């Protein structure tokens, strides 16, 4: 309700300018840059708050601080959400649509808008529907979806998304190899160790827990072969298999350095004003 | 027996067409594509079933489901096996052979056919020969060989096989280095720690179990040096040796990205119809 | 006080030559080379002494040796510090400054000089201000800052610094991805395991300790999922996440080999005298 | 003694030919190739025997087999050693030396000859000097030096040696970074955890054991931080430090693939006879 009053104030400001500020800042647009940084910090603090709220000793001490911070954050996010719906018609994507209501509905159903909505819902929902405690906790953790709001401002997320898309084929092939390897080694180990450790290696899925811990080299130490044959097989699997499990790692790392190199090439400095120019 | 009836039905269908469907799908052949996907899913479900059958609670609950699924799967695999033998004469490899019986024997003895046979044998064998329980379990696990049937449809397996073949030399050299390193470090650690931990470091093979866990960085924590000298040596070994144990990992990862890059170059899109053309 | 007497002796020696000796040795300057190596060894022994002083049995046995060594080292470092202030006016950076006192103040406030001062302060401070025991121990460990004095002579540190600077962007992006991944996986695991292990997975920060140990593949084994769902999620996280956590590793390793290759190109051998020429 | 009789037999055979056989086989020299393979197998079996001899149950069962095998092996190695001294004058390196006795002394003092001598000494020494049991065990393990005899025939060892030599600089720099990092992190962790775990983190060297286990990602789980601050620091160290500890790994892996690529280029097949030609 109070949101609408605030919205009214903004109506005087040019819609076009507000759109620029809300969007990712262009080179040299200071106001937009400040807004972006403010939102990044607010989102980070929100995520930190959700994390720290699970520590009991902190909640008993600073419970009210968390409450107030959540309240203020949701107000800001709600205003941002409504403003974005208002200004979305300035976007090139929705400009062509003559019916402004239709354009806004389209915008509301876009992935980034849905994330914006989901980020504030956990606050409004419990008011509308009474939840039991267990679901309540899930709803609270669900606020972590605010982390995804960062995607709008962050280059890291877009770079990462590009890499995954580009190397989809390699990653899928190596994932397939990893799964086949895991099934074979875990089944063998289950067959060998089941007799000596019927508890730990009770089934193939249980042996897979060992397989994952070994082939990823995590090695918690909660499960490992104890028979001579099991240790022998475990040793061979470790030497041969770890290389295969590290395939995705190698693919991602090389794709990453590649991608950054490409993006750097796309940039140049203007010889007159010295500013960065995007050749993308 | 019933298989032959089914086979009879198919006799009316052109053998050539059936061969195309059974083989890996060519660009645009929808029926063959559907068959490939169906087989991939069936094989995956079979592997999953073998894995889940080792979980006692699931067997007591859904024992009959597993039984029926195994029954149906073996029928399908058996029919597929017989059909493949029937249509194999359409293959370029066996076409030249005038004696069709000889061609089929040749086909039956090819690696992929033997895998197909081994994949269904664990079902038929216990009917023919009575097994004791322990062997019975081994026979059941042996059904996992169905996983290898995927090799016919999967690019991952062929890519992986190519890489291993290409980098054979590098992999063997690094394996040799790894084994030499393992023997030296484990022997040293055995000599140092045997006095303080006569149980854990009872022999060089026992010390090798520590060596593997350390040099692969798995580190279960079931065995580690406790003397000052042992820890000092263990620290030096860790820093210097892990790099060597990661050699196969590095070789495989770089070979993998290389291989995929080569295969991508071999493909081009037809400028007229837009379909992928294989330059291989 | 006695330092000044010593200083007086040196006044007869040419200041220019002393500057050359104190600075990193140029090709062929034997005296300067000897001084560099002497300082490297002295610094290394100092660091070793600080480390070994924390071993009680060694202190009770060789307490006096540590004391004398510290005393002698501080004298040498102090003399070096004062001499550096005296000769700094020979440096190109401070030569232009006509007011020699101003130049020396500038030099004293440069990062390397501050490190030099901090390296000797822990010795003089307790004389001036009486400390309680706990702070005293912190002051003693602080002597490890002498390690940074090595930066003046070491190529490793400058190479490392260059790499970090060059790959800043890649490292920050991958760090961001790592943190986001850590928050998401730890929160999920907290939600799943909290019921079964209210002690170990008491909060999201506690679950993050598991997340770090798993995604870095350290796997101490003090905390791990025990529920079926937790293990299943843990397995998926391990396979998918470890690749992302290894991104900085891959970036650093490739940047490192790149950087060394560039530096090697910058060097050439003179075709007449055979000495190395720096093209930097 | 009996060696000399055997030696006498060989005197009839041309010394030149014997030299060729003893040396690494050239392309197409079948006799030399067979000798190389025989020696490789004999060395491998010897190493295996030393390893298995530390397993008590095997010694009590097959003690005599080990004894006879050692006896026969030493005879063969001794004959080989004496023959090598006899034929060494055929080597290009020692051919120029007119005084054949001097040439042979030079050969005896070369690294590979010393290894050959050390490989048989543990057998002859106890006959000459009576040892106590503890030294006896060291002498027995010392037979593992026979592993180094493989270096004469193995390409892996020479490739490995080349890489280490080529990348000496990179490896030393990264080793330096690793040590500095280890000292800083371990000292910090010692300061933080010493209060809560005076046993485990009793001194900086003890904390270094934690540092090694963490930064190499081995993570045995025998020592880890338990305080909140310690865990926080441990988490940051893990994320940032592991990348640095993996530097040698990355350097070695890339150097390895590089080196093999170079060596492959050096080889070509003769277009007439199809044999490999070494361009080295």
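Letters A, B, C and D mark the chains in the order given here, with residues in each chain numbered from 1 onward.
Rule of thumb we're sticking to: a residue touches a chain if its C-beta (ideal position, glycine included) is under 8 Å from a C-beta of that chain, and two chains touch if they have at least 3 such contacts.
Heads up on the chains, UniProt names are A, B, C, D = Ion transport domain-containing protein.
These figures come from a predicted structure and were not determined experimentally.
*Asks:* Which pair in A-D, B-C or C-D has the same interface as B-D, with over half of the contact pairs matching by residue number?
*Replies:* When the residue numbers line up for over half the pairs, the pair is C-D.
*Asks:* Which chain is most remote from chain C in terms of Cα centres?
*Replies:* Max centre-to-centre separation from chain C belongs to B.
*Asks:* For copies chain A and chain B, work out whether under half or over half of the interface numbers are shared, and give different or same accordingly.
*Replies:* different
*Asks:* Using CA atoms for the superposition, what rotation angle relates chain A to chain C, in steps of 5 degrees?
*Replies:* Between chain A and chain C the superposing rotation measures out at 90 degrees.
*Asks:* Could you please state the distance in Å, as a whole number, between where the Cα atoms of chain A are centred and where those of chain B are centred?
*Replies:* Averaging C-alpha atoms per chain gives centres 34 Å apart.
*Asks:* Using Cα averages as centroids, what's the distance between chain A and chain D in whole Å?
*Replies:* 48
*Asks:* What are the residue numbers in chain D that touch two or more other chains?
*Replies:* Only 208, 213, 217-221, 246, 249-251, 254 qualify.
*Asks:* Of all residues in chain C, which touch chain B in the complex?
*Replies:* Listed in rising order, the residues are 217-221.
*Asks:* How about chain C: which of its residues touch chain D in the complex?
*Replies:* 47, 50-52, 54-56, 137-138, 141, 144, 147, 150, 154-157, 159-160, 175, 178, 208-209, 212-213, 216-222, 245-246, 248-254, 256-257, 260
*Asks:* Help me check something: in the complex, which residues belonging to chain C touch chain A?
*Replies:* Counting only chain C, the residues touching chain A are 169-170, 172-174, 176-177, 180, 183-184, 187, 190-191, 202-205, 208, 213-214, 217-221, 224, 228, 231, 234-235, 238-240, 242-244, 246-247, 249-251, 254.
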